[in-house]
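Going in written order, the chains are labelled A, B and C, and every chain counts its residues from 1.
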Amino acid sequence: MIWQLDLAILTLVVIAGIGAITVKDLLGAAILFGAYSFMMCLLWSIMGAVDVSFTEASVGAGASTVFFVAAVFRTTRRTKD
Amino acid sequence: MQMLVAKYNYWIYITLMMIGLYAMIAKNNLVKKIVGMSIFQTAIILFYVSIGAKRGATIPIIEHGHGEGHGAGTHMVHAVDYINPLPHVLMLTAIVVAVATLGVALALAIRVYNRYNTLEEDEILAQIREK
Amino acid sequence: MKIIGLIIAVLTGALLIYGTVDFPGWADPASPASTHLSPHFIEKTMEETSVPNIVTAVLADYRSYDTMFETTVIFSGGVVCFILLRIFRRKEPEDRLYRHVLTGATIRVKEGGKIPPDSDDFERIDTLWTPHDLIIKTVCRLLIPFIQLFGLYVIAHGHHSPGGGFQGGVILGASIMLLAISQDLRTAVQRMREKVDALLSPTGVFIYAGTGALCLLLGLNFMDYSALASVLYVDPVTARSHGILIVEIGVGVAVMATIIWIYNNLSSAGKYDEGL
């Protein structure tokens, strides 16, 4: 494990997480959540959990993001907070 | 300092978990709440997987040569050389179940939008009170 | 509400951070989680099941009850999405729009009017229709077979490399979702109808539970795949490896169908029209 890489990705994960809940556009929130999931998948592959990171890459960064985009498309992009 | 080096990972996981919790409590928009729920879920999964991490060990796939039958008795497998696989198994199924529950949550959000024409919690509550 | 939420989050976080003082250090090889129970699985899995990927072996063999009910939960998720969203419209809308693919001309068919013959020249569209990019369409059309092939590889090769039923099923489902995004939902539903989704997701669960029940019928415990040795004509250790493969196929089928089913319902809000 390389701790510099670990720390850099952890920082990016926190930034993407805070961004996903503060951005004032739901489509942006969906895409930031996809980025968050992908960083998470990198974090797991650093820890050596290859099966989990493979699942997260296909499910979290792929299917979840598409579901969010589909739901936002069917409702509204507008949000107050 | 010793403790900071040993524990800083856990602290960042807890920070992520609290970001999710705050979004679930304080955000007004239903989709934002669902994003918060997903962040909370992933942070717990991250914490759980980190329990299995082991310094100086490799991924939990046993090295094996080709065409040596079952590999039993050909070479010894030492537990110190491989990462603990049990948390991975538990969390792998949890991730896939999370996407099914996410689908249900988003379906509920779409139904709420069709009924009240908004996703904001306070506007929905105001419309319910008017009736 | 915001301040209360912030206070709750900070307090809970402080308590949890105080709790980490008693934790073993991060990635400590001598931590209790790495010294109890898990060495047994790491050292014995290869002898007992002849599967090198310990995660797959524990997932589908040692903890197969758990995985079976997780598959059931995924199936229930698909059914709940269907029940919440699906709208069966008894009568068709008065006017239907068709687009001539070669010229791009749109025609409107009044109620009771003649529908164009079922040829490839015409495509049913909605009022929300937007033109699709030719490059995206063509590239996706070229990519989809390879994505599906990779999904099948991931399911079949889960014993020796990272992968297995869950990941392969999601990749197979994602290939159909890519078709639905790059073309439109109607094209994807024509390839994979709603009935097929609704049939395949319980079929996957039944393949899983049926394998377990077969072991019970052959005289051993539920999900003890070494009972399959007499059916498959192999020794009990290889039979466990084959049993894991059968179960993974069941999981893959269930996950694939459920992901597509949820996507279809979400992206069209239950109307099964244009989609995204």
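Basically, a residue touches a chain if its C-beta (ideal position, glycine included) is under 8 Å from a C-beta of that chain, and two chains touch if they have at least 3 such contacts.
In this text, all values refer to a predicted model and were calculated from it rather than measured experimentally.
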Q | Far-end chain from chain B, centres as C-alpha averages | A | C
Q.
Per the definition at the top, count C-beta pairs in contact and tell me whether A-C or B-C has more.
A. B-C
Q: Starting from the mean Cα coordinates of chain A and chain B, work out the distance between those two points in Å.
A: 11
(Q) Centroid from C-alpha atoms only, then distance chain A to chain C, rounded to Å. What do you get? (A) 19
Q) Distance-wise, how many Å sit between the C-alpha centres of chain B and chain C, to the nearest whole number? A) 17
Q.
Where in chain A do residues touch at least two different other chains?
A. 1, 47, 50-51, 55, 59, 63, 67, 70-71, 74
Q) Can you list the residues of chain C that touch 2 or more other chains? A) 27, 53, 55, 162, 166, 170, 259, 262, 266, 269
(Q) If a residue has to touch 2 or more other chains to count, which residues of chain B qualify? (A) 8-9, 15, 19, 22, 50, 52-55, 57, 59-61, 87-88, 92, 95-96, 99, 103, 106, 110
Q) Which positions of chain C touch chain B when the two form their complex? A) 1-2, 4-6, 8-10, 12-13, 16-17, 20-21, 23, 25-29, 31, 33-34, 37-39, 41-43, 45-47, 50, 52-55, 58-59, 63, 66-67, 70, 73-74, 76-78, 80-81, 84-85, 160-162, 166, 170, 237-238, 255, 258-259, 262, 265-266, 269
Q. Quick one: in the complex, what on chain B touches chain A?
A. 8-9, 12, 15-16, 19-20, 22-23, 27-29, 31-32, 34-36, 38-39, 42, 45-46, 49-50, 52-55, 57-61, 83, 87-88, 91-92, 95-96, 98-99, 102-103, 106, 109-110, 113, 118-120
Q) Considering the complex alone, what residue numbers of chain A touch chain C? A) 1, 47, 50-51, 54-55, 58-59, 62-63, 66-67, 69-71, 73-74
(Q) Help me check something: in the complex, which residues belonging to chain A touch chain B? (A) 1, 6-7, 10, 13-14, 17-18, 20-21, 26, 29-30, 33, 36-37, 40, 43-44, 47-52, 55-56, 59-60, 63-64, 67-68, 70-72, 74-76, 79-81
Q) Considering the complex alone, what residue numbers of chain B touch chain C? A) 3, 6-11, 14-15, 17-19, 21-22, 25-26, 50-57, 59-64, 70-73, 76-80, 82, 84-90, 92-93, 95-97, 99-101, 103-104, 106-108, 110-111, 114
